[in-house]
Every structure is written in structure tokens, then in C-alpha cells.
Amino acid sequence: MSSFSNLLIPAVLFFALGAIARIIKSDLRFPPDLAKVLSIYLLMAIGLHGGYELAKADLGTAINAIVWALILGFSMPIVGYLVLIMTRKVSPMDAAAISAHYGSVSAGTFLTAIAFLDSSGVEYESYPLIMLAVMESPAIIVGLLLAAWARKQIAAGNTAGGVSVDDLDNDASKSNFSHLLKDAFTNGSVVVLIGSMVIGAISQPSGIEKIKPFIDDIFMGVLCLFLFEMGMEAARRIKEFKKVGAVLGVFGVVMPLAGGFVGALVGHEMLGFSVGGTTLVAVLGASASYIAVPPAMRLAVPEANPSFYLTLSLGITFPFNVLIGIPLYYWFATYLAGG
Amino acid sequence: MVTLYPHKLVNIITLDVLEERLTAMFHRHGVSGYTILRAHGAGASGERAGTLDFEANILVKVIVPEEKLERLLNGLQRQVDKGYQLTVFVADVDVINPAKFAGSLESNS
Amino acid sequence: MSSFSNLLIPAVLFFALGAIARIIKSDLRFPPDLAKVLSIYLLMAIGLHGGYELAKADLGTAINAIVWALILGFSMPIVGYLVLIMTRKVSPMDAAAISAHYGSVSAGTFLTAIAFLDSSGVEYESYPLIMLAVMESPAIIVGLLLAAWARKQIAAGNTAGGVSVDDLDNDASKSNFSHLLKDAFTNGSVVVLIGSMVIGAISQPSGIEKIKPFIDDIFMGVLCLFLFEMGMEAARRIKEFKKVGAVLGVFGVVMPLAGGFVGALVGHEMLGFSVGGTTLVAVLGASASYIAVPPAMRLAVPEANPSFYLTLSLGITFPFNVLIGIPLYYWFATYLAGG
Amino acid sequence: MVTLYPHKLVNIITLDVLEERLTAMFHRHGVSGYTILRAHGAGASGERAGTLDFEANILVKVIVPEEKLERLLNGLQRQVDKGYQLTVFVADVDVINPAKFAGSLESNS
Amino acid sequence: MVTLYPHKLVNIITLDVLEERLTAMFHRHGVSGYTILRAHGAGASGERAGTLDFEANILVKVIVPEEKLERLLNGLQRQVDKGYQLTVFVADVDVINPAKFAGSLESNS
Amino acid sequence: MSSFSNLLIPAVLFFALGAIARIIKSDLRFPPDLAKVLSIYLLMAIGLHGGYELAKADLGTAINAIVWALILGFSMPIVGYLVLIMTRKVSPMDAAAISAHYGSVSAGTFLTAIAFLDSSGVEYESYPLIMLAVMESPAIIVGLLLAAWARKQIAAGNTAGGVSVDDLDNDASKSNFSHLLKDAFTNGSVVVLIGSMVIGAISQPSGIEKIKPFIDDIFMGVLCLFLFEMGMEAARRIKEFKKVGAVLGVFGVVMPLAGGFVGALVGHEMLGFSVGGTTLVAVLGASASYIAVPPAMRLAVPEANPSFYLTLSLGITFPFNVLIGIPLYYWFATYLAGG
């Protein structure tokens, strides 16, 4: 099938339907807690599925994949930060918060890519899944480090404000940097995903068999519902494009392209994955988090303007990846495999 | 006949993700309790529709005897100085059971 | 099977259980958002299913069905309005708001009819589904037109109140009648239903195959849960029967009977449907909306008393159709087919 | 020491389906923001249990400086005149950051 | 110009499971309506996180004309005497439509 | 398989994951209404399943099972009450409220036991299910009676406070003891469970067939999600252990052991069940309610301190049964069968 036929996958069509509903100003509203429940379900299902597969996988390749996930997760925010600072369009705090989103990943985009590969009949390895789990946290940590560094620079010439370690009023469990690190690893999404992977890996096969209908059969339908709502949220955010400005808008497209390119190279060259697996690693590189990272940044980098990072990750990069990026990364993975 | 005792009701509108940060502060500031309601809204920073975790509001209510007000407001002001967006407003209320608001959360747990 | 054995269908039994729970004053409460989530799911599932079927259907018949859906949707509220005015029991505003409900349709009743036909082993066409989607909006529009007309009549002798076009304070996006029309078409239920139909029609078959377990296998169970809650809501409403009065109460039974009769004739004579399809068109004619229309009337006809239209559509007509109407319309469809 | 500035808190209890209508009005009336909470309840028009869309209540809170109160109340009164059921009540509150309530939603967006 | 009429707003924070008990009392005490919001919180009796039925809070708001306040507070006090935990506070509010609060729930239904 | 391999069942592992998430202070939060929706689903599914099975069952055995369920449900709270009074650690009101929880049952524990038996390939009778439904109410009634008796004792020397029948201010529908009894039988959980059983028993088989995927296929997955959340709740409660004290803590382990022992004897000796069925009756005896009884006690015994009964039933007995009790009761049932 043509690599652009992803537009005829139900998951992508529901994403578009959500966006259209918002654009025509429909009064359709999803209940406040639905997105949360759906994302807990999706993380649980991919975790269980992935853990089950990984228990049968090759340890050496798994470790290799983890190492490369860490390298991507730590390096991409730094690159993003430097690029953003060079644009001179945002403060250092904003640059730190934005770039943390790009080092992390979007499970929604990843799952859309899986739906795309499935409907194209392309096989893929299960290692990218463990990379997904691993990549949630490092970017948050780098974001915090960059923000702490930027804060220190600012504080050198200005003693007021900022989360500083010696601040008397701080809650002991928050102020300390080591506690911010802990937060990155006890993040709800990370716990559900990694916990489910472990359960998938160690459960008796008969037990897993019993929950298969829940995690496999209804999975695609639940994903459609999730992307339906996310389409509405993305369209709400894209309206704020003008606040963000053209330069940042371009960043929201170029950054995933660069991440997808690097991810594909890692998948193909370093990890020796098939076209499907390479596409998935590209998607990990390209996608920006909009579930786990925004609340973490709200809490840890209150000085950053959320309009910037939300509009970029949810309003620009997410729809770009879903509609254009995924088939593009797939095409590139095919090119690499053929080269 | 029920006697009424004047107290202060401090209201704070802020982000859901800051809930734990605020309640930890309440434990340190000797208030006797707090009540939290989920909300959505809009203000200078745009709309907070409440459908995604990172843009849900909460409305926090803390009743304190007048003498504890200053300390609590100072604590809140320090959070604002750090960059956390709090919409704070204070109202006069009368309670029927002043003993309830004299204690502190710390001593309870 | 006997045509009254619908009382042994789980969906109908759960409706009854909900009503009983309320009548015995059980403390059972469903969370506030559950009905909303369930109805989004049901609309999505029937939309996808119907769109998929319709993509394979005959265009001429489909257009014919749409035309007749429009005729029913536009004419029935007008008939209802005239009847209600003649009873002299309600104001013109109330008559407009009530009759809009009867021109529209109830997806819950329609789905119960499908469960009834399924469990009786009766085949049915997929065209009534597109009629369901089409009939949501016209009735809302006619209701608005009737209310505007009534309001004008009242305003002729009384300058105060009412939503008038030249009201300075009106929100530009609301006051204008063309915007009220827009609201009828961007109504949340309409968007989910029609959007899902389009997706069902244009998606790749392999993609639809992947979401079948979600939209087909668990469908009946979800419908049971939905009707369980709706049974509770209907029973809560029926208590207000005394406020509504006997004449209106009779309207709540006669109107669906008339609509079911006309619908069956349309299904059999005009559209040439089988007994199953004819039954479904009868149900479209008979049922009154209690999801999409009430909020629209609250907003657009604030002068009407909601007790009237809610008690009639949800407390009287809905249980009447579920318990008695459906087997009756089926019997009538069988009679027509045999005649 | 934290200084407090007297303001007015306008509370509106109404139907969930009127939310957009009200917030559109707030944009036109120059208020700086609003906060909305979901509620259920009962009154002269019967019970609103909150389980179905058309009978859920909301509690809307708008803080305004005293000089904007009249205009806002007039706007609300006009809605009532049109037949929309609003339960409105006003309270005195003190805010710590009066600048926040001087602006308007329109100028933000 | 909108005229404002002083009333009393009685707030009650209590357990969700007591809702029906309270609303039954309101019917007997001649109030014209009530509004209920879901909440969570903490106090002397520990945390009420709101995730399980038995530890969810509600915030109940009842507006009454001044002359009905005493009777309502006495009714609430009797519930407290029986062991039900109620956090009660009263505020002054102004309403635009005093007729609404003069009636009673009983006469409506 | 070894009887301790229950730790490798996904349901048990998700319970543990929830507890771990809380212990490591993860920011993971489940939406407020999720537990409610999941428990309505679980009760509906086990009710339907059980009713369907029971329609095919032997009436004599069923009646016998119901009688023994009543005996257990009425006698266990009395025993628990006497033991608690003897410890002199709690007031009579607290003793009444706590013991009501132990006479009742926990559907979550029961379902975990079924998952355990399923994954061990052990067959079981369907009668314990009807016992589960029957045992919800008697314990509540006994709890109320014990509290009324204790209240009377206290009132003999003290005229203030307490829910007394002649209290002028009482709501007529509450104050009266007969109404408290009614509450025990119209309890939401009881209505869903018994209602679904009746529906499962009387529905046409073709109707039940249509809802099987909803109630069977996805059941284990939903149970995992439910236990995930309950693990978090249990861990939150166990922190309050110190408030409860060692003596009560011991009660929280000894009471289920005693109940499990008695239950197993009843299952094996009196009802002649297989090892699987005997294990389930033991679990009914051992488990303490944390869904239906706590709200009932809040309402009817406001003088009792909820910290005691919540920490015991949810924080101590529930995890004890899930992790240790179930394999132990199974082992004991095997022993009885072999003896």
C-alpha cells in the first residue's frame, strides 16, 4: 500500500474527526476524566503486551536498545535547548521546558505508528516498546537540570525568586533536587508502563492468556476513542499558534523531523532493526510528550510559559507526526533498508 | 441558639498539579484542614479546560482563625514569588465550632 | 418466538432493573459522567458499523431513505405542535420544545429494537441507521422555528423578554438564527454519529477489522449498562407525571403510537424494507430524543418548562417504547408484510 | 505583611448547557477571568441530579473590582429576563493581587 | 440598576454518604433549594481522598433569608450532636432575586 | 502448580503494583469515579454469569447454600463483636461497626480467588456466587442491631446523643429501624448483584450469548485494573496501622483466618463442595467488605471511628487475603478433601 494511506486508518481518521469537531465549534465535550482513564488503559495494555514479548527476547539486543534510548533521551533535549536559545525567541526557562518535551516521547504517536504498520502489514520488533518506557524519564531530568542551570545564571544577577535549594519555605520533599529526580522516576505514566511490562514478563502464560481480550482485542477501538479526544485537544491548542510565533512554529516541525531522522539512523544502523522497528525508533525520536512531561514542567519549572510547550508539543508536533511524520519516517526507514 | 465565631476563609484557585505542593505547605503552616474542589476556568494565562491533567484547576478552601491568616497568606505569597500561579481571595465566615479550626494537621497525623 | 418475549432480552431487563432500583429507593448511584461516556461509545459503534455497511449499500435506496428521514423529521414536530396547541394544556413555547423531541429520535430505543430483532433472529437493512443520523437535526431546527414563531406572536402584544434578533446584549454567535441552525448540525451527538459513519465508510477494511471487537463484541453489554442507568433516570422522571397531567401523559403514549404507525408505513410502502427494516423505521418515527434535544431546547427555548419535555420523552415515551412499543411495531410490520 | 484589596465575588448557579453562553458574556463584559465548578442541587424547578447533560448544574465564580460589579450584574439580569434560570449571589472578598482582576479576558486573547 | 438583598449562605462540608440525610433535612426545614459540589480534603479525622465512596466529601451550599438561619443551624447542630461530622460555616451574601429564597422545597414538589 | 504461585497471577501482581506505586509515592492518581464504575461492572458480570449457571443448578443445594450463607453472615459479626469487646481496645460502637465488615464479604477478594483457581486449573461450583450475593446484607443488619444495643446501654447512663427512635428531628425515612433494615437490602451493590443474577437466570440464552464477550472476555483485565487501584487504596490505609494499634492489627489477620477455617468446614462438610468450591466458601468467610459496608456504617453508626474499620478491612485483611490467605485456604480445602 502507498505509504500515505495512513490517512485511511481509523485511528488517524478519529484524530481528524476530533480536530474537525473543534474547528466547526461543535458542542461535543468529553468528560474530564476520560483521557486519563484511556491513557492508563493504553499504557497498561502496551506494557503487558511488551513485557510478554520481551520475556522471550534477546537480552543483548534489549540492553543495546535501552542504552540507545538513554542516549537519545539525554541528548535530544540538550540539542533542542541550544537551538531554542539560538532562536532568541524564548527565555532560557522556556527553552528548558520545551526541549524536555522533545526528549521524551508520545505514546499516542507511537501507537498510531503501530496501527499504521499493522494496517500496512509491516512486521516490527518489540524492543522499541522498552525504549518507549525508558525514554519517559531522562528528558524530564535533563529539563530540570537545564532549568536549574538557567535559574542559577539568572540568580547571579538577581536574587529574587526561583526554586533554590536553600529556600527555607520549601517543602522538604520537593525543594531538594534529588527529590525532583525521584519524581521523574515515580511519574504515574512511568509506573503504569514499567509495572505492566514487569507483570507481562513474569506472569504465568495462562494468566496473560486470560487478559488478552482486554489488552489486545479492544485495544484499537480504545485507541480510536483516545485519538478522537486528542484531536480535539490538539485543535484547541493550534489556535494559540499566533501566540507562539512563526519561528517556534517552525521548530515544532523541524525538531521532530530531525529527531525522526536521527531515530531512524539509530534503529537501522545501531540496533539493526527491520523497517518496522526502525520506523518505531524514528517515531520515538520524533515525538514530543504531552501526557507525562507537561505536569512535571508545571511543577518544576513554574517560570516557563506553558503556552509555548503545550502549543508546540500538542498543537503542532503531535498532529504533524500523526498526519505526515509517520509515513515519512516509514519511507525513510524503507530507504535505509534498501540502501 | 447557635453561637457563631468569626473566622477567615482563604480561597486559592490554582493548577491541579500543584495540589500536593500546597497541602504539604498546609501541614507546615499549622492549619487544621483543607477542602479541595475540581474546577476549570480562564484568566490571564488563557483557558484551562480541565480535560487534560496539566490544565485542570482546583479551588482550595482553608478556614483559619484570624490570627493564623497572616502566616498562611505569607506562605502563599512566597509560592507566587517563585512563579506558581495562585489566584487568592479571602472572605469572612462564621463557624459554629471554633475548636475545630484551632488545631493543626500535623498534630493529627 | 412470541413477539412479547422482548421482556426477556437482557437490555430490556436491565432497563427494568434500573427502574426497580429507583422505585425501591436503592442508594445505587451511577457516576455523573458514565452516561455521557456510554452514549459516546454507542454512537461511535453504531456509526462505524453503519458506515461500513452503507459503503456496500445501494446509493438510490440510501438517498430515498435520507429523503424520507428528512420528511419525517420535519413534519412530525409540526403535527405534534398542532396537537399540543389544541390540547390547550401548554404554552406555545412548551409545545414547540416538546414536539422537537418527538421529531428527533432516541438511539437507546433504536438499539433496544436491534437487540429485539437480533434475539428474534429477524434480519434488517442498514438504511434505518443513516436515517437515525439524519433525523437528529431537522427536529431541532423545526423546534427552533416554531419557538421563534411563537415568540413573535407573544411579542406582538408584549415587548419584554424572549430571544429576539435585535437584542443588543446577545452573544453574536448565539443570537443570530443562522447560528442556532449551525448548532443543530454541530450538535455533539450528530458529530460523533455522522463522523463515525464516514470513518466506517472510508477506512481500509483491515483497519475496521481491528476495531470490530471493540464496536461489535462488547456492544450489547455496554448497551445493557447504558439502559440500566437510563431505567433509573426514566423512573426518576415518571414520578413527575402528576405535574404533567393526564392529557400530556396521554400525548406521551399516543404520539409514539402515531409516529410508529407512520414510520412503519414509510418503511414498508415507501422504502420497501423487510419486516426488520420496517420495524426500525417505525421505531425512528415513534421514539423521542432525550440525549441531543433537551440541552438544545434548554439553550434555545429557555422560556419552555423542562419538566414537560423531560417527563414526556424520558419518563413516559421511552419506557413505553422499550417495554410495549417495539414488539407492537414489529407486530405491525409483520402485518404489513403479510398484508 | 500581605495587603488585602476589597473586591466583589459574583457567584452564579446555572445549567451546564449555558456555560458557553455565560463565558461569551464574560468576554464582552470585561472581566479578567472566571472559575467554574460542577454541581448538582435542587430548587423551585425541581431536582438537578447531574447525571444527564441537560440537568447538571455549574457554579460560576467571577471576581471583579467593585466598579465592574454593576455592569456584570446588569448583564446577568438581562439573561434572567430572557428566561434563563440563574441563581446569583454576591459576596465581599479581599484579594492579594488586585492587578490580576483589573484586566479583561478580551485583551488576553 | 440591580438591587441587592442581604442573605445568609450556609456551607456544610461533610461526607458524600450523608447527602440524602441532609437533603431530607432541608426539605423539612423550609429552605428553597441547595447546591452540592464534590470535594476532597483533610481534617482532624484524616484524609478523605475521594476515590472510594466512603471517603468522598461534599460541599453543600444553602442560601437562606436571615430569619431562616437559626432554624437551619439548629437542625445542623442536632446532626452534629448525633455524631455526624459536619464542618459548617456561614457567610454574608447579597442576592438579586430575594423571592427565590423565600419559598420552600416542600411547597415545590 | 505450587499453591503459592498465586503471586504470579496478573490480578495479584496488579494489586501489588498499586501498593508499590503508593509506597514509592508515585504521583499516579486514578480518577475519582473509576473504582465505582469498575465495581458496578464486576458485580454485573459476576451476577450475570452466576445467574446463568444457577438456572441450571440443583435447587436443593442452592437453598442449602443460601441457608449456610445466612448462618455465616449472621453469626460471624456476633463472634467478632464479642472478641473485640474482650480486647478492651475499642468502644462498643467501634466493635459493632468493625464486626459488620467481617460478616460481609469482599467481591474483590472473591474474584481474586477465582483467578487463582482458574490459573491453577481447579474447578469450582457456582453456588458460592449466590452465597456472595446473600452475605452482603445480613452482616449490615447485625451490625446495626449490635450498634443499637450498644447505644441503648450507653444511653441508660447518659441521655445525650445517638440515633434514638424518638428523636423528633429525625428524618422519618431514616430514624426508624425498619428503614435501616430496608437500606441493607436496597444497598447499591446488593441490587446490582442480585438483579444481574436474576437477569442471568431468566434471559433467553441467545441474549446472554450476545453479552458474553462483555462479561467474560474482558473480565480478567477489568479485574486487574480494579485491583491495581485497590492496591493503592490498601497501601494508603496500611499507613494508618499505627493509629489502630497492635491488638487490632492482630485481629485483622486472625479474624480472616478463623473465618476462612469455618468457611472451609462449611463448604466441605455441610455443602459437600469440591476443593475449588470449598476454597471459595472459605474466602467468603475470611473476607471483609470494603465497598458496601463502610458507607452503611458511616450512615448508621456515626459514633464509630472509621479509621478502625477502614484500616482493618481495607488496609490489613484485604491484602492479607489476596497475598497469603487465598493459597492458604486452598491448601486447607485440599487437606479437607484428602482427609
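When the chains are written out, they are named A, B, C, D, E and F in that same order, and each has its own residue count from 1.
Methods note: a contact is a pair of C-beta atoms (placed from the backbone, for glycine too) under 8 Å apart; a residue touches a chain by one contact, two chains touch by 3 or more.
In this text the structure is predicted, and so the values were computed from the model without any measurement.
In this assembly, the chain whose C-alpha centre lies farthest from subunit C is B. At the far end from subunit A, in terms of centres built from Cα atoms, lies E. Centre-to-centre separation between subunit B and subunit D, using Cα means, comes to 20 Å.
Averaged C-alpha coordinates put the centre of subunit B at 37 Å from the centre of subunit F. Rounded to whole angstrom units, the spacing between the C-alpha centres of subunit C and subunit D is 33.
Shown for subunit F are the residues in touch with two or more other chains, namely 27, 29-30, 32-34, 36, 213, 217-218, 295. Residue positions 37-38, 40, 46, 91-92 of subunit E each touch two or more of the other chains. Against subunit A, the residues of subunit F that register as touching in their complex are 1, 5, 8-11, 13-14, 17, 20-21, 24-34, 115, 118-119, 121, 213, 217-222, 224-225, 228. Subunit D contributes residues 1-2, 4, 7, 9, 23, 32-38, 61, 63, 91-97, 100, 103, 105, 108-109 to its touches with subunit B in the complex.
Those residues of subunit C whose C-beta lies close enough to touch subunit A in the complex are 33, 36-37, 40-41, 44, 48, 173, 182-183, 186-188, 191-192, 195-196, 198-199, 202-204, 206-208, 210-211, 213-215, 217-218, 295. Across the complex, subunit E is touched by residues 29-30, 32, 34-36, 160-163, 167, 169, 171, 173-174, 229, 233, 236, 240, 290-291, 294-295, 298-299, 302-303, 306-307, 310 of subunit F.
Across the interface of their complex, subunit C is touched by residues 15, 17-18, 21, 24-25, 28, 38, 40, 45-47, 49-56, 75, 78, 81-85 of subunit D.
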